[in-house]
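By letter and in written order, the chains are A, B and C; residue numbering begins at 1 in each of them.
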Amino acid sequence: MTSEAVVHGVEWTVKELFVYPNEFIYWSIQIVMYPYMTGLVAGAFVLSSLYHVFGQKDLKEIAQFSLVFSLALLPVAALPLLLHLQQPLRAMEPLLTPHFTSAISAFGIVFTAYALIVISEIWFVYRRYFVDQVHELKGKEGFANMLRLNVYRALTMGSFDISEEALRVDHKAAKILAGVGIPVACFLHGYAGFIFGSVKANALWMSPLMPVIFIMSAVVSGIALCMLTYIVIMEWKAFRKRRTEGVTAAIEIKGAETDIINTATKYLLGFLVAAISLEILDLIFRGYTAMKSWDILRSVMYGKDFINIFVLQYTLGNLVPFVLLLLPGRTLKRTVVALLLVLFGVFMMRWNVVIGGQAFSLSFSGYMHYHIPIIPHSVETFKEGLFGALTVIVTPFVLFWMINKFVPSLERGEEAKY
Amino acid sequence: MSCSRRDFLKQACGGTLASVLPVSAFTFLSPEEARAAVENANVRWAFLVDTRKCVGCGLCVKACKNENEIPYDAPVTRTWVERMGGRDGFIDNVINGEEIDPDNIAKAFFVPKLCNQCDNPPCVQVCPVGATYQTDDGVVLVDRDWCIGCGYCIMACPYGVRFFHPVHKVADKCNFCYHRITKGMNPACVESCAFDARRIANLRDPDDPVTKIITTERVAVLKDEYGTKPHVFYIGLDENVR
Amino acid sequence: MKWHVLRPLWLAIGLVVVILIARQFMVPEDFGVHGDSFTYNFYRLSNVQEWKDFPVKHQGRESCVECHEENVTTLNASPHAPIECENCHGPSVGHPDDVELLPIERAREHCLRCHASLDYPNHARSELPNVRDRTHKRRRECVTCHYPHDPREKPE
C-alpha cells in the first residue's frame, strides 16, 4: 500500500466485534465542528434579532455586537465542510448541479442567502457610519488614511444620502432583514439537524426531533458565545481604560453591563430548558419503543459513551451551568464559568450525535471507537484532527478582530447611535 | 440612482436571467428523448446469492479487487464474505483474533455481501450534486469526476457497501462489474465463484434461469425494513445475518 | 421610498447572475435528469459510457483455451473444472502481449481457502475434501503432491 492509498478513516477508527469491512468513522471532528459553528452563527443572529425585531432595548449593545460577530462566524460555518471534503476543489458543485433531494445540496444556497442577509443588515445599520468616515477621512494625508478612505467608499456602495428620511428607511430595512433572517438562520441550522435526522440507515440519528433539537441548542450556544465574548471584550476594555486613565474616569469605565447580561441570561435559560427537554424526550422515546436498534443504542449510551453523554454533556454541560445561572447572587465570574460550561455542553452534544452515531456498526453487532489524531503527520490527520478543529475555533475571532477595524460593533455612548 | 440607469440594470439582469434559465436547473426530456433513454428498459439487473453453497474461499473478493482496481491491501472492498472480510478466505477457527471452540458454534455459514443496487437507493437520494445515480438497468453508479467526497452516501447506505476509494478519493461501491455485464459477461465475482454461490440475473428476461429461481423459489433480501427494495436476493438467509 | 435601499439587492442579484453564468461554463452539457425521477436519475449521462469502457481484467477460460488447450481440457475433465483459470493464475489482461508470464499462485494458503477443514456445522466447506492445516504436511506446498489441474493426479 503506497502512502497515497490511505483509506479514509483507518487512522482514527478502532473496530470491536463484528463491523462491516467498509465501516469507518467517516464523519469525524470537522463534522462535529460544522453544526457547532453553524449553531453559533444562528444563535448569534437570533440574539441580535431579539433587539432589532422585538425591540428588546436592553439588548441593544450586545445585539450590535452579536450581529457583527455572526458575520465573523459565518465563513467558519463553511470551513469545516471544506476541510472535510475529499475533493475540496469541487466544493462549488452543490451550487452548479444542486440535487435537491439531498439535505446537503441546500447548504450553498441557504448559506449564501443568509450571508447576504447578514451583510445587508450590517450595511443598513452602519451605513451612516461609513458615510461619516468617508467625510472625515477625506483630505487626510497618509497611506493608511487613503486605504481606509477607499475601503469606506466601497462600503458605502456609492450611497451618500444620510438625510433623516434615508436613515429612517435604513432602520426599517434592517428591521425587516432581521425579521427575515430569523427563519433563515433557523432553517440554516435546522436543516443541519435534518442532514442527520433524515439518515434512515443510522439508528441514533434518525429522528424527526433532530432539527428542532439542533435549533434549540444552536440558539443556546450562540447566545452563550456572544455573552461570553461580550463580557471578555468589555472587561478587557474597562481594564485597559482603568490602567491608562486612572480612577478619575470612573463613570465611563463600566465593563459589561449587568442588566444586558441578566436579560440575555433569561433567554439563554429558556432555550436551554427547551433543548434539554427535547433531548430527554428523544431518549425516553427510544427506550420506550425499544426498536431493533435499541439494544446496541443502549449499550452505547449507557455503556461506552456514558461519560460523554451523561457526565460531560448532561451534567457538566447542562445541569451545572443551569444551577450556576439560577442561584441567587450571581457574579460576573460565575456567569463566565457557566457560559463556558454551556458552550462545552453543546459541543459535547454535537460530538455525541456525530461520533456517537458512528460508534456502533450497521450490523448492530459491533462497535467503532474514535481516536482523534492529535499530532498531524499528513494533510488528512491535520484536517480531521485536533489542530484542524482548533483552526476552525480560532478563525472567527481573528475575523471579528479584522471586521471590527472597520465596523465599530463595540463602541458605546456617543458613537453607539449607529 | 437615476431612473434610466435602474431601468438599464433591470433589463440587463432580466435578459441575463432569461438567457441562462432555460438551460439551467433541470433538464427535462422530451418524450422521444425519454424513450431513447429507456431503450434499455428490458434489462433490470439483480443478483442471487446462495449461502448454502458458499465455502468462504474469498476468491470472489480477490477477483473483485483485481478487476475493479481497488488497492489489494487497503481494508476496503466492494464485496466481502461474512464471517468477516474474507479477502484471503477462511482457513482456521480464529474469529476476531480468538480461537473459537467448534463445540460452541451451533450453526455457521458464509454470507457474501455486495451492493444491493436498490430500487430506492438512499445513497443516491442524499447525493448533493448528482454524482451517484441509478442507470436505466437498475445499477447504481458513482461519477468519479463529479463526486465531492462528502461521505453522505456512505452514511446513508444501510448495508455499509460504500467507502472512499483510497486512490481516487471519491465514493466507491460495487456496480455488478457494469463494464462486464453490459458486454454480456458475468461480474468478476460470479465468474470466479466455483460453487455457483453467486449469480447475476436480468429480472426483465422471463427465460433467465436465475430470474426463474428468484421469482419461483424462496428468497430473502437484507434489511427490507429500510424500504430500499434491494435487488440482491439470498437463499438460505438466517435471522442473524444483517 | 429611497432607492439606495435596493443596493444590497443588486449585489445579491449580481451574485446570482455570476453563479448562473458560471453554471453555463462549468456544468457538463449532458448533466440532467435522464430517466423518470429527479431523485434517482439526475446525473452526467456520459459517465455511464465511461463505466462501460472500464477495462476488463478477467478474460475467462475462452481466452485461455486459445493457446493452452491441453491444460484447459485436463481441467475441464477434473473435479476442479468449476474453478476459473484466473483464480490461480491472476487476471489475464495484457497477457501474453505485455505480460509474458502470469503469476501462478502456488501458496499453501491459496489451496486452504477451500480445503482447510473448519469444524463448524451447516456449511458447504465440510462437503469438500479437506485437511487440517496444522497436521497435514506442514510447510509444504500442496502442489508438490497434488496436481491442481486435476487433483486426482500427482504432478509430473
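As a convention for this text, a contact is a pair of C-beta atoms (placed from the backbone, for glycine too) under 8 Å apart; a residue touches a chain by one contact, two chains touch by 3 or more.
These numbers come from a predicted model, not from an experiment.
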| item | value |
| --- | --- |
| Longest centre-to-centre distance from chain B, chain (CA-based) | A |
| Pair of chains with maximal C-beta contact number | B-C |
| Inter-chain centre distance, chain B versus chain C - centres from mean C-alpha coordinates, in Å | 13 |
| CA centroid of chain A to CA centroid of chain C, Å | 45 |
| Whole-Å gap separating chain A and chain B, where each centre is the average of the chain's CA atoms | 37 |
| Contacts with 2+ other chains: residues of chain B | 125, 130-131, 146 |
| Multi-chain contact residues (two or more partners), chain C | 4, 23, 27, 31, 38-39, 42 |
| Junction residues of chain A - those touching two or more other chains | 96-97, 99, 101 |
| Chain B contact footprint on chain A (complex, rising order) | 1-2, 4-10, 17-18, 20-24, 26-27, 81, 84-87, 90-91, 93-94, 96-99, 101-105, 107, 195, 198-202, 292, 361-365 |
| In the complex, chain C residues that touch chain A | 1-2, 4-5, 7-9, 11-12, 15, 19, 22-23, 26-27, 31, 38-39, 42 |
| Chain A partner contacts - residues on chain B that touch it in the complex | 71, 73-77, 80, 84-85, 96, 113, 122, 125-131, 146-152, 154-164, 166-167, 169-170, 225-227, 242 |
| Sites on chain A touched by chain C in the complex | 92, 95-97, 99-101, 112, 116, 119-120, 123-124, 157-159, 161, 165-166, 169-170, 173 |
| Chain B residues touching chain C - in the complex, by the definition given at the top | 1, 6, 9, 13, 16-17, 20-21, 23-24, 26-29, 34, 37-38, 52-59, 62-63, 66-68, 88-93, 102, 105-110, 120-121, 124-125, 130-136, 141, 143, 145-146, 175, 178-180, 182-183, 185, 188, 191-192, 194-197 |
